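Look at the two complexes coming up: chain A is in both, with chain B in one and chain C in the other.
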Partner chain A sequence: MSAAARRAALATTGVLVLLAGAEAVGRAGIAGPSWPPLSEVAAHLLDADRRATVVRAASATLASAAEGLLAGVLVAAAAAFTGLLLPPLRPGLDRLAALLHAVPVIALAPLLITTVGREATPTVVAGLGAGFVMFVAFSSGLSLGGRRSTHDDVFDALGANRVRRLLRLQLPASVPTVLDGLTLAAPAAVLGATIGEWFGAPRGLGVLIVSAMQNFQVTLLWSAAACATALSLAAYGLTTALQRAAVRRMA
Partner chain B sequence: MAQTTPSPAPTLTVAPPAAVALSGVGKTFELSRGRAVSALEDLDLHVAEGEFVAIVGPSGCGKSTVLRMVAGLERPSTGTVVVEGRSPRELARSHRLGVAFQEHALLPWSSIRGNVALPFHLAGRPVDAARVDELVRLVGLEGFESARPRQLSGGMRQRAAIARALVLRPDVLLLDEPFGALDAVTRRRMNRELARIWSEERITTVLVTHDVEEALFLADRVVVMTGRPGRVRHVHRVDFPRPREAAITRSPEFHEAVDLLTGLLDAEGTA
Partner chain C sequence: MRRALGALAHYWPIAAVFVGWDLWVVLNGYTTVVAPRPGLVLADIAAEPGAYAGDLLRTLLTSLVGLVLGMGVGILAAIAVWSSAAVSGVVTPAALVLRSVPVTAMIPVIARVAGYGDSSILLIIVVVSFFPAFVLTVSGLAATPAAGRDLFGVLGAGRLRTLVRLQLPHAVPHVMVAFRLTAPSAVLAALLAEYLVGTGGLGHLFSTARSYMELERAWGTALLATVVSVLVFVLARGAERRVGARFS
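Presenting the complex of A and B:
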């Protein structure tokens, strides 16, 4: 317990030092006018009207990120299960996923805007980011790579068919890995939604960031960025808690 | 004294069909860069219906490989393996096989009851709760039905694995050093429990072990294997009456047999 307390104290100290440093740099103006003191950013968010703007944008981003994450998880699961049922398709699926992941969003954006539209682009970009991570997590969780365990031997000797092996061994065994993937996919979805909003979405943190940048509203820019970071961290924290709970139950 | 042939029964002229028959079995494992290791060569082993056979031999002589072939997890390179008149895979697919390996291989997310009931699920049969409870009781795990494997001691986990192996009343039971990880005292207790369980169920059993005393206490016949490539070196018939009590391990006949088999193993180890 004391070790955990010490770790928490260390982490808190680290964050405080970082925040104090950022504040000092802003006050001294070392990094120029685009680096405001953090207290100014906080003051910006304390104002009810301005805060409402940021919160509205954040909820739009959160909605896109959540939809994208959900879609990414579903498509990734469908792809992994296709690979599970039809092994010949596996290499092709792996390559397709890697290819989609390798194409830079900047290159994909014009294509997305013309196909799915500006409104849906953030969701799709979020889904692409989250989907790739989840595809890898599902594939490795279901042991599509072919690692054999003593559990496989027991299931073979007991005459398990493919469906029963999937339900009683592969699925439960994959839960920790899949949730591990989710802890990476959730922040990736937030990031993807924010970036997706740069390409002319009607609302969201990404839109706020772009317009604040163009109008040189430095504190607004930083407020939006801080909010995106907070969303990302919250997504990570939430999924990590979920993953820990599952590992405690499953292991 | 040791014999290699069953004592002839007066009314029986033909040997009963073997439940497990390995005939001229060889197994070669491919290693990297075209190299291969011959694990077994020309091995013959027949286990009669309802017989308990123990296999002892130096480490790496192919005991586990024999068991894995009988379980259909490995195919022989030469020769044939027939179990209950069928191929091992067919027997496994019809859910007539019980196995317990050195690693207990219990499902960590499932309770002890869930683990013991697993063979019912994999066979697509409704779970016979009374049978599951009976097995849990038989291996002395009452009160731990809802516990997870990680909440049990090593010996308790292995007992749960044995319960899982027995729950469907398999035709053939295969045990690969199920007590390998246990201390001597727990191991002897487990041996007594297994002897008691086995005398109730009388399932054709092949047990792989390093422990000569364990083999003699449990088995009808003890097979001593040679080092790589593995072959049958000696078959020792054990005539202690059943049900066997711990007392037989203190008899001079038992000690004599232990000395004989240990001597054979030592000769193997240095050969």
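Presenting the complex of A and C:
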């Protein structure tokens, strides 16, 4: 068996053991009535009527997360480009990037509800979560910190201006780092959207999870949590595939 | 003067946040019921620091204890599975799947299973801190250079001695990366869990202030939560750099 096939077999075994373990705990009732066997959760998701609720919530969350991700990427890029073209702003932007990484989005979510409204809050929180990560990625990819390479010297010698240097040198060189950031930003957008939904959005997985918890709807709670995990894994998987493809192309 | 200019170059975004916040409230004509101006929020913190201090300490302490416990268990688990390539090949992907569970989905499930209360909050932080420490320690142990392992083999070192003298020191920078990554998430998890099921802490203070419409208090809590989280991150990053420089 090749190394890759062996690794895949081990990984599959691991995930199967995890699922079987969760099923066994649920059947034996070790963890009480709030830990259902996973087969019941699967049955919940297979039942067309009950699935509809979860799917509706998941598509609302997906829409908020995707819009937020897009907005976050665009704003982060604009902020990083401003820093590149206006050097006096750079030291501050550099420090800002480090700090934004640590801002707890929960502090912002409920404040947004009163200002941007219940409908828009999940999108805005997703955008903030993703945007913070992307700003860090852009600023390190475009080396706002001021590292210089021999390419910079070539561009200097040939008299390139800032805009041309940005388009021809810094932007292409930043692609792998920026896509690296995207693999973190996409799950962060899903997390941000569900955080925004916790605080009173009209629909979405976050709302469904909290109300299922409060109303003791155990299989619904686990189904919605499983869906949120699937969204987050899919976001990570897709962006990782994109990043690998780009690195192969750029290398 | 020069020092003041230097500080301005580095910290202008913080001033910009406060000015922007003030302008945003004034220009939109928001009343204090919608969004208070920063001066009022800072005044509330300055007038009654006691109202915040207890909850602030509680959140910090819970996050710290949970972080240390979770990372400790993660490191021990990594050492336990490291000895066998097959076991770590089985366990690591499962850990990666569990790590992808959004904390917003994890908190309600754990709270439902383990009960509403402070022990659940600690458990949530432990679970959140466990996975990065586990995954990064496994990769740190595996990344020991072959030359070092050969040397230990030639000198007749046993498995235990190789682990303690070679591989664990080699994994230390990886563990510190996990620490830097996890510290802000632990604070975020603590705040979210306190908000939903807590009986104290900044998250709980925030939810009560919001339901009694004490807007200055709510915004003040949010501001302090941000400051705490950023401080924890800066300290963790400093620790990572210092320890990393010592061990590499």
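One rule holds in what follows: the second predicted complex is superposed on the first by the 234 of 251 C-alpha atoms of A that agree within 3 Å, B and C clash if a C-alpha of one lies under 4 Å from a C-alpha of the other, contacts with A are read in each partner's own complex, and residues count from 1 in each chain.
One rule holds for everything that comes next: contacts are C-beta pairs under 8 Å (C-beta built on N, C-alpha and C of every residue); 3 or more make two chains touch, one makes a residue touch a chain.
Not measured: the values here are computed from a predicted model.
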- Examine A:V116 and indicate which partner it touches, taking first as chain B and second as chain C; both and neither are also allowed. neither
- Message: With both complexes overlaid on chain A, does A:L93 touch chain B (first), chain C (second), both or neither?
- Response: second
- Figure out whether A:A24 sits in contact with chain B (first) or chain C (second), or with both, or with neither. neither
- Message: Quick check for you: in the superposed arrangement, does A:L85 touch first (chain B), second (chain C), both or neither?
- Response: neither
- Examine A:V247 and indicate which partner it touches, taking first as chain B and second as chain C; both and neither are also allowed. neither
- Query: Of the two partner chains, chain B (first) and chain C (second), which one does A:V210 touch, if any: first, second, both, or neither?
  - Reply: second
- Task: Please work out whether A:A52 is in contact with chain B alone, chain C alone, both, or neither, and reply first, second, both or neither.
- Result: neither
- Message: Looking only at chain A, is it chain B or chain C that touches more of its residues?
- Response: C
- Query: Can you name the residues of chain C that touch chain A in the complex?
  - Reply: 9-13, 28, 30, 34-35, 86, 89-94, 97-98, 100-106, 108-109, 111-113, 184, 187-188, 191-192, 195-196, 203, 206, 210, 218-219, 221-223, 225-226, 229-230, 232-234, 237
- Note on the structure: Listed in rising order, the residues of chain B that touch chain A in the complex are 68, 71-73, 92-95, 97, 99, 101, 103, 105, 107-110, 118-119, 121-124, 150, 174
- Give every residue of chain A touching chain B within the complex, in rising order. 149-151, 153-160, 164, 168-169, 172, 175, 249-251
- Write out the stretch or stretches of chain A touching chain C in their complex. 6-7, 10-11, 13-15, 17-18, 31-32, 34-35, 88-89, 91-93, 95-96, 98-99, 101-108, 110-111, 114-115, 187, 190-191, 194-195, 198, 205-206, 209-210, 212-213, 216, 218, 221-222, 224-225, 228-229, 232-233, 236
